[in-house]
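Labels run A, B, C, D, E and F following the written order; every chain starts at residue 1.
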Amino acid sequence: MENLLNQGVGLALFGMVTVFSFLTLLILATRLMSFLVSQIDSEEESVLVDEDSLPDSSPPIAVIAAAVTYYLSKKQS
Amino acid sequence: MENLLNQGVGLALFGMVTVFSFLTLLILATRLMSFLVSQIDSEEESVLVDEDSLPDSSPPIAVIAAAVTYYLSKKQS
Amino acid sequence: MENLLNQGVGLALFGMVTVFSFLTLLILATRLMSFLVSQIDSEEESVLVDEDSLPDSSPPIAVIAAAVTYYLSKKQS
Amino acid sequence: MNQLWTFWQSTGLYLLTLDQLIMILIGLLLLYLAIIKQFEPLLLIPIGFGGILSNIPGVDIAVGNGVLAQFSAMGLDTGIFPLLVFMGIGAMTDFGPLLANPKTMLLGAAAQFGIFSTLLGAIAMNEIGMFDFSLAQAAAIGIIGGADGPTAIYVSSVLAPELLGAIAVAAYSYMALVPLIQPPIMRALTSRRERKIRMRSIREVSQTEKVLFPLVLLLLVALIVPGAAPLLGMFCFGNLMKECRVVARLSDTAQNALINTATIFLGLSVGSKLVAEEFLVGETLGILGLGIVAFGIGTMTGVLMAKLMNLFSKNKINPLIGAAGVSAVPMAARVANKVGIESDPDNFLIMHAMGPNVAGVIGSTIAAGVLIQFAA
Amino acid sequence: MNQLWTFWQSTGLYLLTLDQLIMILIGLLLLYLAIIKQFEPLLLIPIGFGGILSNIPGVDIAVGNGVLAQFSAMGLDTGIFPLLVFMGIGAMTDFGPLLANPKTMLLGAAAQFGIFSTLLGAIAMNEIGMFDFSLAQAAAIGIIGGADGPTAIYVSSVLAPELLGAIAVAAYSYMALVPLIQPPIMRALTSRRERKIRMRSIREVSQTEKVLFPLVLLLLVALIVPGAAPLLGMFCFGNLMKECRVVARLSDTAQNALINTATIFLGLSVGSKLVAEEFLVGETLGILGLGIVAFGIGTMTGVLMAKLMNLFSKNKINPLIGAAGVSAVPMAARVANKVGIESDPDNFLIMHAMGPNVAGVIGSTIAAGVLIQFAA
Amino acid sequence: MNQLWTFWQSTGLYLLTLDQLIMILIGLLLLYLAIIKQFEPLLLIPIGFGGILSNIPGVDIAVGNGVLAQFSAMGLDTGIFPLLVFMGIGAMTDFGPLLANPKTMLLGAAAQFGIFSTLLGAIAMNEIGMFDFSLAQAAAIGIIGGADGPTAIYVSSVLAPELLGAIAVAAYSYMALVPLIQPPIMRALTSRRERKIRMRSIREVSQTEKVLFPLVLLLLVALIVPGAAPLLGMFCFGNLMKECRVVARLSDTAQNALINTATIFLGLSVGSKLVAEEFLVGETLGILGLGIVAFGIGTMTGVLMAKLMNLFSKNKINPLIGAAGVSAVPMAARVANKVGIESDPDNFLIMHAMGPNVAGVIGSTIAAGVLIQFAA
């Protein structure tokens, strides 16, 4: 019984700390994200959702291949 | 075979009686329900579906607690 | 390994022949279908989807019964 | 060459049996009835198409891990699909006309004679040595007389899954044939004067009554015929969602996306039961024959009950609306209206017939509950 | 005669126990609350109706192969239904107000004190010998303080399925009671001057930020509290589908047909847990009592955190919006607005309160992740 | 301190492996392609997001009782999700242009060379010792050349579930890249004069033909390639529901709520296959390489077949529409139209290209049936 109480207090403290830490980090991450977006947006017009755009000429699918290759080469060495 | 015939006749009779009894009771219950509704409706305006209403000040959730308490007290005695 | 190569070449040839044969037959079947439809349509007005039509007086459900009967009679003989 | 021979042996041309060919033709016939004759297309198109798929040789569709076998295991063997369809029908049903004139429920009771006389008919066929139906099978056949598709499918999935295909096909086909089956019987049993009876206009029913009715109905079922509670429970739940008006989004989904999805899956699952070994048997003929008798008797007893009630009541009922008691919503109510107009072009019976029509749904569900409880 | 006796023994009238009668009455009470008082009707109507169905004697509905037992096994025991509901809520959530003023996330963090103090309260009840809750059970009870329905159901399905019925009923009931529970606490903890604080107008948030936010959130969860990833993952997925604007048809289905279907099934499944043996126990009283304390403490700590933040910041926060940090979206935000208007009829707090309101959802999901990871 | 250590060991920061990090980045890349580049977003958003969820360490999402593992077991391993998507596509397909000019089906046949040459390519990679693909794996890779998402997923779920993630990613990525891959090949193989060929205007097709076509197609499949019957059967069923016009509510649900729900679940399930151990292997590189070759060869053979047909026919076909035979509906047809307009701004090929485009779907389904029957 004593043990359960200890466990409970521990879990409660720890849980509350985690929730606070998480949301504090989220505030920082969100601010950083918003800051970066505002920097990029001021440089160029919004890149999002251009209905008429077709894929451009440097297919980023190649990046997947590159990532896998790189990963495999590192693994083998 | 004879047995199946007996069973079948019994089930048919019994089923038909049940259907009739049920719907007769349902007529009575419906009439009673409509009568009670008309009585209540004539006293007050329709209580149903008032979009703006917020829960009133005597939370009926307490009734659940009361019901469980009452039930438990009876059970223990 | 050699075996897999053989299997692969066989499957590829055979698959391509099947795809071609199938679609060639489908061309023929489609043309036949369109021809028959045009013949029937020229005789009568379109029979499809007449919203007001009720089932007519010769219930084709009888055909199911007839089919089953015929089938069973042949099977028993 | 060897590979060509293997291929030839894998084709439908080589593998197709006569049984399968006949079943495919029956599937095409059901599609024809559904599309051209507009026989209950919502169910008969999936059933017919599923029937064709199930009889394609050389591939597992309705058996093993086939997709229709999986649909069937998921929602037909478990009863889930017919119950979801029934919930959706509940969410589309208006009990107003019934609440305005509750005594017409008796018409919905009387028309269920069709169910029980068909049950007896099936047993009589046993007696004369034609078939060998068990009590459960006879009960499942009887439910065709309930003129209610999901109820028929649910009951046969419980009592006689091996007859499900034939029973579902018979139930939906005869429901579609109601405009042919009923009018001659209705005319034969009524005088022209009776057919001209005008009924009093229907009172307006308050929303409170409509909200309370599914609960009253459910509680009465719980107290008297618990076996009907799964079917009627889902039906009443759908109806309550509709009438309470505070969960419009749920009611909307129950009436559209959910019932449509369940109908597609239910139809395909029923179609998966149209395999030759189960369908091309003498019993199917017996079921088709008994089914039409069931509809006839239900129509008859509905009309006769209306005439009987008129002997004791001063507010006369037009006996034509008794025929609507078989269910077959809303077809049977429309037929009552149509036959009524033949005798008096200004006498619109449709609203009066909706009462017994939905009462017939309740009645056949109660009958179903009794059969499941006592014939299983 | 014998058959009549058998029939009588099959009726609900004969079989009904006092427990079942009480549970049916509780089911009717939930329907009354949902329909007349409009207590979270989307969930309480299916829960209440399911509760009635589950207590009908003599037929398997919530047990064995009954339809509600099957729904429950399919989507409640597996967590699928609450996760789908959560995905749909994600697709309906606008993080704009939160992104405009991220520091209000702290309010959503503070209000989760309700969860953990309730956990301690449950353990305290053990200490004084009232109950015998395990740590997992205490954690599941605590989550009621999260004021978020699907999260509460998900957590209890993992940690304490035997308490699920009572916890779900308590969570939804108290969420509906937020307009009664919160205002007195909010008024007691704030001065009239504080309640009149006007907040700066909210900046416009770009679409790019809205698209990136669910991904930032998910990645942070993945790195820190993986246990919250199933819940928050489905939530962020729904939100991304909405905000990215290139899959409007998927987002539309997630917000309508899919969430509605999942809600119907989830509610009925929760209802299937309202069987007498599990619900009519002393623990239910404890849960109901602890639940209201949880809401009260969450409200309190939310408001106090706002006051604390005002000590260190020049852009003052109206402490009323701290109460919205409990979640109970969007009810708690509306309550904050309403109480604010009492003091200053021109001070509309609703948009400012939406930030902590959705932060409260994130906060309780993180708390849920911690509880699942460490109390299981 | 001990507890902090336990917590630290439970975080993603501690648990994350390099493999998982790479896979999460690949998931983010897929989302970028889907949202910014609009690469088949309907599938790539769920796949990419599912891929991220599946690589979060310390929690069961794509394994064990995790929600994505359950979706996958429910509908991907069983084939149900791709079949439902295919049914919905059938309900959205108009066979009119194909029926108006049936001989263009040959273009849809020719373009399937891409499938079989890729199969040979995979085996050739074995021969030179790069990989060790089995016949079933080679066949599953080949189906990428079918340029049809649900078909590719269905076939790989049957023949090579271990490659499903890579195959699905490749198939959808290359389908999105069709506007880049096809035009150079089309221009290289045709003269400017050929590209200017104007085709005769398309005859109007009667509704009767449209209703009968899915049945004719299904029966031919049943007789010749039963292995394709599950896929083509569901496709034809969807199309029949649309064209018969008597079940508009079912067709509507198949085209909206049902296909959207199936797409969400299918995408997440495919995402659950993007776990590092299965995706970060050399085979994935081989699959990506072979996939682009498959699209190229399919385009080539489609165009060449059109030129071949022109040798024997007086009604000349514009060879650009041959490229639409690869499927990739409707992207490939649009590309044919666009390349045609380059040479003659008044020559609209889109309707002519829709015929081979949907014929390509039929063709790849037949190819899939052959592969499933003979490579399993």
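Keep in mind that, in the parts below, contacts are C-beta pairs under 8 Å (C-beta built on N, C-alpha and C of every residue); 3 or more make two chains touch, one makes a residue touch a chain.
Computed from a predicted model, the values in this text were never measured in an experiment.
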In contact with chain E and with chain F at once: which chains are those? Just list them. A, D
Averaged-CA centre spacing for the pair chain C and chain B, given as whole angstrom: 54
Averaging only over C-alpha atoms, locate the centres of chain B and chain E and give their separation in whole Å. 30
Shared-contact residues (touching 2 or more other chains) in chain B: 14, 18, 47-49
Quick check on chain E: which residues sit in contact with 2+ other chains? 35, 38, 211, 221, 224-225, 244, 246, 256-257, 374
Can you work out from the touch definition every pair of chains that touches here? A-E, A-F, B-D, B-E, C-D, C-F, D-E, D-F, E-F
The answer for chain D against chain E in the complex is residues 78-80, 83, 211, 215, 218-219, 221-227, 229-230, 233-234, 237, 240-241, 244, 246-247, 249-250, 252-254, 256-258, 373-374
Which positions of chain E touch chain A when the two form their complex? 99, 102-103, 105-106, 108-110, 112-113, 115-117, 119-120, 123, 126-127, 134-135, 138-139, 205-209, 211-213, 216-217, 220-221, 224-225, 244-246, 359, 362-363, 366-367, 370-371, 374-375
Which chain A residues qualify as touching chain E in the complex? 1, 4-5, 7-9, 11-16, 18-27, 29-31, 33-34, 37-38, 40-41, 46-49
Spell out the residues on chain E that touch chain D in their complex, using ranges where they run on. 6, 10-13, 15-16, 24, 28, 31, 34-35, 38, 41-42, 45-46, 49, 52-53, 56-59, 61, 65-67, 70, 256-257, 260-261, 263-264, 268
Residue numbers on chain C that touch chain D, as the complex places them: 10, 14, 18, 47-49, 53-57, 59-61, 63-65, 67-69, 71-72
